[in-house]
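Here the chain labels run A, B, C and D in written order, and each chain numbers its own residues starting at 1.
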Amino acid sequence: MSNILKREVPLGLATVIIALLFFDYYVFTDITRNIALSIADWAIIITATAAGVGVLNMIIRTYQNISKRAEYWYLDIYMLVVMVVMAGTGLIGAYGTHPVFEWIMMNAYLPIDASIYAMVFFDIVSSYYRTFRVRSRDSAILFICAFIIMLKNAPLTGGMLPSFIPIGDWMLNIPSTAGSRAFIIVASIGVVAFTIRTMLQTERTTVGVVD
Amino acid sequence: MTSIASKILNIDRRIIWVTCIALIVWPLVSPIGLPMKVDEITRKYYDAIESLPPGSIVLASIDIEAGLVGENGAQCTDTLQHLFDKDIKFIQICFYRADGAILFENLWLPKVDQRDKVYGVDWVNIGYIEGHETAMTAFAADFSYPVKDYYGNMLEGLQLMTEVKSMDDVDLYIDIAAGDCDQALRQFATPYDVPAITGAMAMGVPDMIMYMEAGIVTGILGGLPGAAQYELLLNKPGAAIRGMDALSVVHIFLLCLVIITNLAYFSLRSKGEIK
Amino acid sequence: MVSNDIGIWTGALFTIFIYSYFIRNKQNIAFRFAQSTVVGCALGYIITLVMIKNVDTLAFTRIAGGNVIYIIPVLLGLLVYAKFIPQYSYLARTPISIIVSVGLALGARGALETQIVRQVISTASMPLFGVDLITSLSSIIFIVGLVSASCYFYFTLNPNLSSKLKPVSTLGRSFLMIYFGTKFGATIMSRLTLFLGRVTFLVFDWLGLG
Amino acid sequence: MFVEGRIIQMLLMILTIVAIYFYTDAVKKGREVTIRPIPALDAIEEAVGRASETGRPVHFTPGYTLGGLYNPTMGPGVMAGITILSKVAEVTARLGTGIIVSLAQAEAVPLVEETLKVAYRAQNLEVPANAVRFISTEQYAYAAGILSILLEERPGANILMGYFWSESLQFAEGGSYVGAMQIGGTCSPSQIPFFVASCDYCLIGEELFAAKGYIDRDPASLGSLLASDILRSILIGIVIVSFLAFNLNIGLIIDLLRM
């Protein structure tokens, strides 16, 4: 019994679901369309229900840190308090409308979120300074292309050297798009093959059958 | 000479960062007013909204995250204002992040003049729907899928939602979602043959141009410059035009920096000190 | 005028705390404080929005409306928690298998259409005759680039053929490098505007300069 | 009955399924396959080795998915990343290096735990405590969490394989600030340039999905590699032929593709 649940059910479900969703995309019947739509819904509901596993994983780890008095353990306690406050106020009334929730969201969460995102500016400058040295043919191409695009993009240089705008646009439209399209096409071949391997049950890790 | 070159190649990155910050703050505090030019893709974006007759229906996904306020914020307010000004009816929905809906309510809406438009008749804000692409498929086929709007009203009680049933009734799809909108285009624009315009990050423009060539997207706003050009076309100078000087100055600094490091690199390499 | 709104002060201080990450290559209490805040908020957000609100609107509302079948995905979702009981941890495989296969199948079928067939069609419709020289040259360059860059990814060519195709895949690699370079150059501006957004907030909203 | 506009796609899909099945069979029956080297995968051993020499752990993350693993665009990339994790875990178990796997998907926690358990059990070891760390399903909370891990644990190798958004560069540069050796890999077209620029080694696009076949060399994966190469050749052929046909005013092939 346990072997069936360990292997056959997950593997079989993967085959059936993938085959069904493929069939639904190419051949239209009311029955398969309805089943396909509800399976997709199911995946969302399962994921939402399972989200607590992550939360529990985090809480257990945090608890261990606190009991070990690991570095910054007091901030871990603070984190749990923030979590409780957010969860509590989020549940009162329509989502996101409680004043405390909205205040934390607008004045702490979103500014931090935005600042973390904008950290990438520092990283890209550092990566740019480190990498953009003409060491080889590849890095020369990388360097020249980035340079032309930056000349085109900066409003001032784009205005002073207008000839860089058509050159830059051409580079974006022709060789760069050719490269990106090739990348997208072959990466998609990878996705298709990966999915079919799962469907044919030769790729087992994907559905959790690792042993 | 050698020591200068090797110093240039080993500048502490914190010095570069501080220089960049100074170069951003300076033009913001005392504007320089550098010139700029309107791109074709921006003009097409403007035309797509401008050419809609009053009363047309638009599905809008103004759905950016807090981090993108600098880049796409001006696009959101300008587009929204344009829709209200042109008497176009629209439905707003978010698929990417829940804070997209919170920002729409708290940041973009307060900044625009809603004229005499009535909620539920002229526009509807559905808010955030979980499920991403899977939910998009369901929503495109049936607009009543989310059941409730952002404020908790039942959708069936809103007049606009009784007129508009599915993507078939929509005249234009607007997606301002930082450029990662291929899923939305795949679910809304392509299957229903609805023209789409997108607000992308400047970085997303090459990807979007691909969709423009394929005929899926008709107009693009690319990041802050796109918004600044859009503001020029709308004749309403706003937030976007202010930031453009800083962009120019930092770009020029970075261009000079990379030229100098490469000169230093070559001078050292010609002496055989590095390979 | 420096702002006297406590909300703006909170936002500004957190912004500075986050950027303290770049001062030294070591953990510091300011960054860790901001990180704990954001992770804590996100956890609260996951509990309320991701779990309770979604399960409520997607499942319980429907179950209450008579669509009893939606009880199944909720039960399947609960099976994932079996991982906490070692001897039953394998029960988690079934729900994971459903989630993953839905993602893979939707991904593969959509990719085949949008990212393969449609891209091939729009590549094929590039004009060659009856247009100006630059456009028709561009079309040829585009095709050469696409084909050679695809050749770069061949995995299983026999060594004989692959040494013959070497120049082609080198050319393909160059086209990929052009893509990477232009993307990098264009992204710098994008990241700069992100940071500009934060600086604008600090300079105008918080410090009240300008 | 058949959905208009997707008939050719259906034929392509069936062709791919048949090709993978056929070539898997052929490899099982003894067909020889040579695979070109993929340096990024060979480098895993080296990276883990270096980390273990300096007594520092290995950090691995399969990246971020919006929503969850069911996300059609990002899910497959993350799953491919997790298949590579089994190789990484095998090496860390063998060399006794610490491993930290940070995740942005709650439902991937059991999957990753089992993957590690199997790899460590093969060496008769227990999975190190605190190895699997779920951080957040929110993108920037996840990013901040990983930056903290990089600063506090100071990994010797930073392996980033899966699907990433803007956080790709934060992780890659964040790893370089603490002196980790970096191996990147993603199928995300918008992030691959940064991995190529910032990482020591990088898996590009399809290589991510081929990685398992390259590592395990089992018939199924090799057969699938052969089949995708065939599919690639067919697509290249279609591109060239339909481009020529279109420009010679023969609309037939494009019309066929649109069928």
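Everything that follows uses one rule, which is that a residue touches a chain if its C-beta (ideal position, glycine included) is under 8 Å from a C-beta of that chain, and two chains touch if they have at least 3 such contacts.
Every value quoted in this text rests on a predicted model; they were computed, and no experiment measured them.
Counting C-beta pairs in contact across C-D and across A-C shows that the higher total falls to A-C.
Farthest chain from chain B, judged by C-alpha centroids: D.
With centres computed from Cα atoms alone, the innermost chain of the structure is C.
Distance between chain centres (mean CA atoms), chain C to chain D: 14 Å. Between chain A and chain C the centroid-to-centroid distance comes to 4 Å (mean Cα coordinates, whole Å). Chain centres here are Cα means. That of chain A falls 19 Å from that of chain B.
Chain B and chain D, compared by their mean Cα positions, are separated by 30 Å. Looking at chain A, one finds that residues 22, 25, 40-41, 43-44, 46-48, 50-55, 58, 71, 105-106, 109-122, 124-126, 128, 142-143, 147, 150, 153-154, 172-173, 176-177, 180-181, 183-187, 189, 191-192, 194-196, 199, 206, 208 touch two or more other chains. In chain D, 6, 9, 13, 67-73, 76, 79, 106-107, 109-111, 114, 135-138, 140-141, 144, 152, 189-190, 192, 194, 196-197, 204-206, 210, 228, 232, 235 are the positions where the chain touches two or more neighbouring chains simultaneously. Residue positions 17, 65, 67-70, 98, 130-131, 133-134, 182, 202-207, 210, 213, 225, 247, 251, 254 of chain B are each in touch with at least two other chains.
Those residues of chain D that touch chain B in the shared complex are 66-67, 70-73, 139-140, 165, 189-190. Across the complex, chain C meets chain D through its residues 18, 21, 25-27, 31-32, 34-35, 38-39, 41-43, 45-46, 50, 80, 83, 89, 92-93, 95-96, 99-100, 102-104, 106-113, 116-117, 120-121, 123-129, 139, 143, 146-147, 150-151, 153-159, 162, 176, 179-181, 183-184, 187. Those residues of chain D lying in contact with chain C across their complex are 6, 8-9, 12-13, 33-36, 68-73, 75-76, 79, 106-111, 113-114, 135-138, 140-141, 144-145, 147-148, 151-152, 177-178, 190, 192-194, 196-197, 204-207, 210, 214, 222, 225-226, 228-229, 232, 235-236, 238-240, 242-243, 245-247, 253-254, 257-258.
Across the interface of their complex, chain A is touched by residues 6-8, 10-12, 14-15, 18-19, 21-22, 27, 29, 32-34, 36-55, 58-59, 69-70, 72-74, 76-78, 80-81, 83-84, 90-109, 111-112, 115-116, 119-120, 123, 138, 141-147, 149-150, 152-153, 172-189, 191-192, 194-195, 197-198, 201 of chain C.
Per the touch definition, chain D reaches chain A in the complex via residues 1-3, 6-7, 9-10, 13, 16-17, 20-21, 24, 67-70, 76-77, 79-80, 82-83, 86, 103, 105-107, 109-111, 114-115, 117-118, 130, 132-138, 140-141, 143-144, 152, 166-167, 169-170, 172-174, 176, 187, 189, 192, 194, 196-198, 204-206, 208-210, 212, 220-221, 224, 227-228, 231-232, 235.
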